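The structures come next, written out as C-alpha cells.
Presented sequentially are two complexes of subunit A, the first with subunit B as partner and the second with subunit C.
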Partner chain A sequence: MVLQLCLTSAIDDDSYELCTSTLCNLSGNPPVLFSNFTAMFKPNSSFDIEQTNSKNQLIEQNRLKLCRGVPLDALENDSEKRDYRMLKKFADDDLKGFDLQILQKMLHGSIDVDDMEVDEEKPSEQSWILSISDIPAAGSNRKVSSQAIIESTILSTGGSSPSVIAFLSELGYTLDYQLLTVGVKFNMKHNVYLELSKIWRVEGGEAQQLTKGGFLVKAFVNVAKSTDIKSINHGTNALLHLQKELSGYIDLTIPDRKSMDSRLENLNDI
Partner chain B sequence: MSSAVIFIEKSAPATITDFHDVLSNDLISVKEKWSFEFKTFRLTVKNLPPDSSRLMHSISFSNHGNKTVTIKNKSAVVTSTNTGDIPTSLILNGCSSRFCESFDHLLTSKLSNLWTQRQSIKGDFGSTYQTAELTIRATNVFSYGGFKGLLLELECEGDVQDQDFEQRVVKIRKYLKDIGIEDYKICCESMDPLCKNFTCDLAFQYVKVLEL
Partner chain C sequence: MSDRPASDPETTVSSSQEDFDYQHVPAQALDAVRMRLAQLTHSLAKLKDEMSKAELPQWYSLQVQVSVILTQMQSLTTTLHHFEELLDSTVVYPLGTFPTTAHEGLLTTLLRKKNIPEAESWILDAKETAGVDLNTASPEEVKKCLKSDEDVTKWALDFLKQEHSNYAFRGLHTSKKMAEDPSLGAADEYQPSIGRSIPKQPFDVDSILKVIHQGAN
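Up next is the complex of A and B:
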C-alpha cells in the first residue's frame, strides 16, 4: 500500500512557457514529457454485490484504475518537436491528429490477426498498472493530502479472450470512463515530483479537454509504506518546502478530498 | 517452449522418491528447489446466470520469474510482485509508483466483497530434474497440511515440434507405469492454440489437473 502525499494547483496556458523554465531552473533538471492512458472501471451494475465480505467487514465498492503509457510518437510525429513546447499546441479538445483508435486497441486488443504477434511487442506495450485508491485521509489540520493506493502490475494477458478488458469483465468490472493525460514532469529535490498536465476525457471516438485554458499542477511524494512515519514526515516537509518556495507564483494547496474519491457512491455519505 | 502438467492424486508422500529412482538413468542433473501455490476464488455475486462460472484460479510460481497467473474462463493475466519486472517506462511516466503488490492481495483486500478465497493448495520444496529431453519439476502437494498427491511439471525449452514433445511425455508416462501409477490427470493443452503464451498455458494446465 503506497501512500501518496500531494498538493495541487493550476496555471493558465499563457503561463506555461515561463512556468516550465522557472521549474527547470528550480529543479536543475529538464522537464520530462509523458503521456498516459487511464481507463476507470466500476463493478458491473447488473450484479447484486454484497457490501460486506465473508468476515462481515464492510467493503465499499471502488473503481479500479488501469493505466499505461501512450507512445509519444503517436502524439507528435516529428522527434525534433517532441519536447515540453509540444504541449502548447493542445489548447482545446483537438488532439492534433492523434488517433484515438490506439487507445481502443490497447484495451480491446487488436482485431487484426496480423498484429497479434505478441512476441514482438515490448514488455511495456503489454503491461498495465492496476490500482485502487482510498479516499484521502480526513482531518482539518492536515498540511498535505495523503491518499493510500494499492497497486499491482499486469505484465501480460493471455487466453482465447486475451484483452485486458475481457479479464476485467470476468472479474466483475465494466468500463466507466477513459482519460488521456499529456504533460511534463520535473524531478524536484527530496524525491518530490511535479507534474504539469492536460487531461482529456475520451468517449465514443471523441476527446474533450477537461483542463481547457490551463494546466493541472500536481506536486507529490510516494511513500512505500503507510506506516513509515519518518518518510511521511520527510515527504510532507519536502512538499511544504516546495509550497513555500513557489508561493505567490503557484499556490499549491490541498486538493478537495471528495474530488479524489473513487468510490461508487461517493456523494451519499460525506 | 512446451509444457505439460501431471497430477497423481492416488500416490503416497514417498512416490516422489520412486519417480526419482525410475528417472535416474536419464538424469543429467538435479537442479534448484521450487514451489508453487494454487488458490481458488469464488465470485459471491448472487444473481449470476445459472450457467456462468463462478471460479477463478491463481497460481504463483517460485520459478518462472516469481510470476502469478490468474485465470477466469478464457482470460488470464500474468502479474508480478517483483519491482524489477515493472517496465521502466511505466515508472518514468508516472503510471506506477514503483511499489506494487500481489494481485491476490488486491483480491483479498479491496475486492473481498466480490471474491472469496475457497482453497489453497501448495507444493513446497519440490525437486527439479534435468534430463536430455525435458526439465521435470516434481513436488508433493498439500492442502491445509494434508497430503493431496504428487504433481509433475514437464517443460521443454526452445523450439520443439509438438509431436516430439508428445513423445517425450509418453516416455515419462511409461516410467510412471513402471512404478505402478496409471491413474492420474494430465494436461498439455493451451488456452488458445492460435495464440500461445507459455506462462498462461502452463497455469491453465495446473488449473485443469488440480481443479476438483
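Up next is the complex of A and C:
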C-alpha cells in the first residue's frame, strides 16, 4: 500500500512555457513527457451487490482504476521528435492527429469484432496497472493531502477472451469512463514529483478536454509504507518546502478530499 | 561602579534600623541611576538572547535595538555626570546593627569598590584593542587619539557620500553618460513587467479532480 502525499494547483495555457523553464531550472532536470490512458471501472450493477455484509456492516463500493502508459508514437503516427513544447498545441478538445482507436484496441484487444480472436498481434506487451484508492485522510490541521492507494499489476489476462476488459468483467466490474492524460513531469528535490498535465475524457472516438485553458499541477510524494512516519514527515516537509518556494507563482493547495473520493455514490439510497 | 552598592545597604538595613537618619542618603540620584541601568541591562540581555538564537533576526531589527541601547547608554552617562559630585562624595558603610558575621559574603559584595574580575578583563581587553595605554598617556595624547578617531569617521562619511554621487542608481544609464547628455535621465524609461507572468487559474482544481475520480461532470 502506497501513501500518496500531494498538493495541487493549476496554471493557464499562456504561462506554460515560462512555467516549464522555471521548473526546469528549479529542479535541474529537463521535463519528462508522459501520456497515460486511464479506464475507470465500477462494480457491475446488474449483480445486485449487497450493501451490507453478514455482520450488517456497510460495504463501500469503490471504482477500480486501470492505467497504462501510451507511447505518443502510437497515438500520433508521424515519427516526429517530441518534447514538452508539443503540449502547447492542445488548447482545445481536438487531439490533432491522435488515433484514439488505439485506446479502444488496448482495452478490447481489438476494435473489430471479427479480429477479436486473432492472437497474433497482442496489444498487451505492456502490462496494465490496477489500483484502488481510498478517500484522502480527514482532519482540518493537515498540511498536505494524504491518500492511501493499493496497486497491482496485471501481467497477463489469458483465458478464452484475452482482453483486459473481459478480464475485469469476470471480476464483476464494468467500464465507467476513460481518461487520457498527457503531460510533463519534473523530478524535484527530495523525491518530490511535479506534474503539469492536460486531461481528456475519451468517449468512443471523441475526446473532451477537462483542463481547457490550462494545466493541472500536481506535486506529490509517494511513501511506500503508511506506517513509515519518518518518511511521511520527510515527504510532507519536502512538499511544504516546495510550496513555500513556489508561493506567489504557483500556489499549491490541498485539494478537497471529497473530490478525490472514487467510491460509488449510490450508498445514499439505502 | 561605586554608586551601585550604595543603593543596597539602604534597603537591606532599613527594616532593622528605624531611628537612622536617612535624609542624607542620595536616594533620588541612586534611583535615577538604578532605573537607567535596569533599562540598559534589560536591552543588552535581550540583544544577547537574540544573537544566540539559531535564526538571526533581520538586520533592521538589530539596528533598531543597537540604536536603542546607544540612547540608553547616553542617558546613563548624562545621569551619572549630573550626579557626579554627589555620588563621588558619598561614603558607603554598614550600620552597626547589620549582621556582619551572618552575611559576610553579602557585605563584601556590596562594599566592593574594585570591579569584579570579569569586568576587569573586559576593560583590559578594550584598552588593548584601543591601543592606547591610559596609564602612561597624557591627557593631550588621549584627546589627540579621540580626535583622530573622529577624523576617520568624518572622512569615511565624506567618502561614502562622494562615491554615492559618482554612480547612477536609477534608470538605464551610467552617471558618466548622463553628465554628457542631461536629457537621458529625465524620463524613467525602465518599466518593470511584474504581475503579467504570474499564472492564472483557468479552472477549479477540485472539480477536475472530481471528474477524474468519480466521472461526474
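The rule we apply is simple: the second predicted complex is superposed on the first by the 234 of 270 C-alpha atoms of A that agree within 3 Å, B and C clash if a C-alpha of one lies under 4 Å from a C-alpha of the other, contacts with A are read in each partner's own complex, and residues count from 1 in each chain.
The working rule: a contact is a pair of C-beta atoms (placed from the backbone, for glycine too) under 8 Å apart; a residue touches a chain by one contact, two chains touch by 3 or more.
These numbers come from a predicted model, not from an experiment.
Once the complexes are laid over each other on subunit A, subunit B and subunit C both fit without any clash.
By the touch criterion stated above, A:199 is placed in contact with subunit C alone, subunit B being left untouched. Of the two partner chains, subunit C is the only one touched by A:15; subunit B is not. By the touch criterion stated above, A:140 is placed in contact with neither subunit B nor subunit C. Once the two complexes are overlaid on the shared chain, A:45 sits clear of subunit B and of subunit C alike.
Of the two partner chains placed by the overlay, only subunit C lies in contact with A:260; subunit B stays clear of it.
Here subunit B and subunit C are compared by how many residues of subunit A each touches, and B touches more.
In the superposed model, A:248 lies in contact with subunit C only, and not with subunit B. Using the contact criterion defined above for the overlaid structures, shared-chain residue A:101 touches neither subunit B nor subunit C, since it reaches no partner. Using the contact criterion defined above for the overlaid structures, shared-chain residue A:25 touches neither subunit B nor subunit C, since it reaches no partner. With chain A used as the common frame, the shortest Cα distance separating subunit B from subunit C works out to 14 Å. Taken in their complex, subunit B has these residues touching subunit A: 43-48, 56, 67, 69-81, 85-90, 92-103, 105-106, 109-116, 191-192, 195, 197, 199-201, 204. If you check the complex, the residues on subunit C that touch subunit A are 197-203, 205-215. Contact residues of subunit A toward subunit B in the complex are 1-2, 4, 32, 34-36, 43, 46-55, 57, 59, 61-62, 67-69, 116, 118, 122-124, 127, 129-130, 132, 149-164, 166-167, 170-172, 185, 193, 195, 222, 224. Contact residues on subunit A toward subunit C in their complex (touch as defined above): 8-15, 18-19, 38, 40, 63, 133, 176-177, 179, 199, 201, 210-214, 216, 248-250, 253, 255-256, 258-262, 265.
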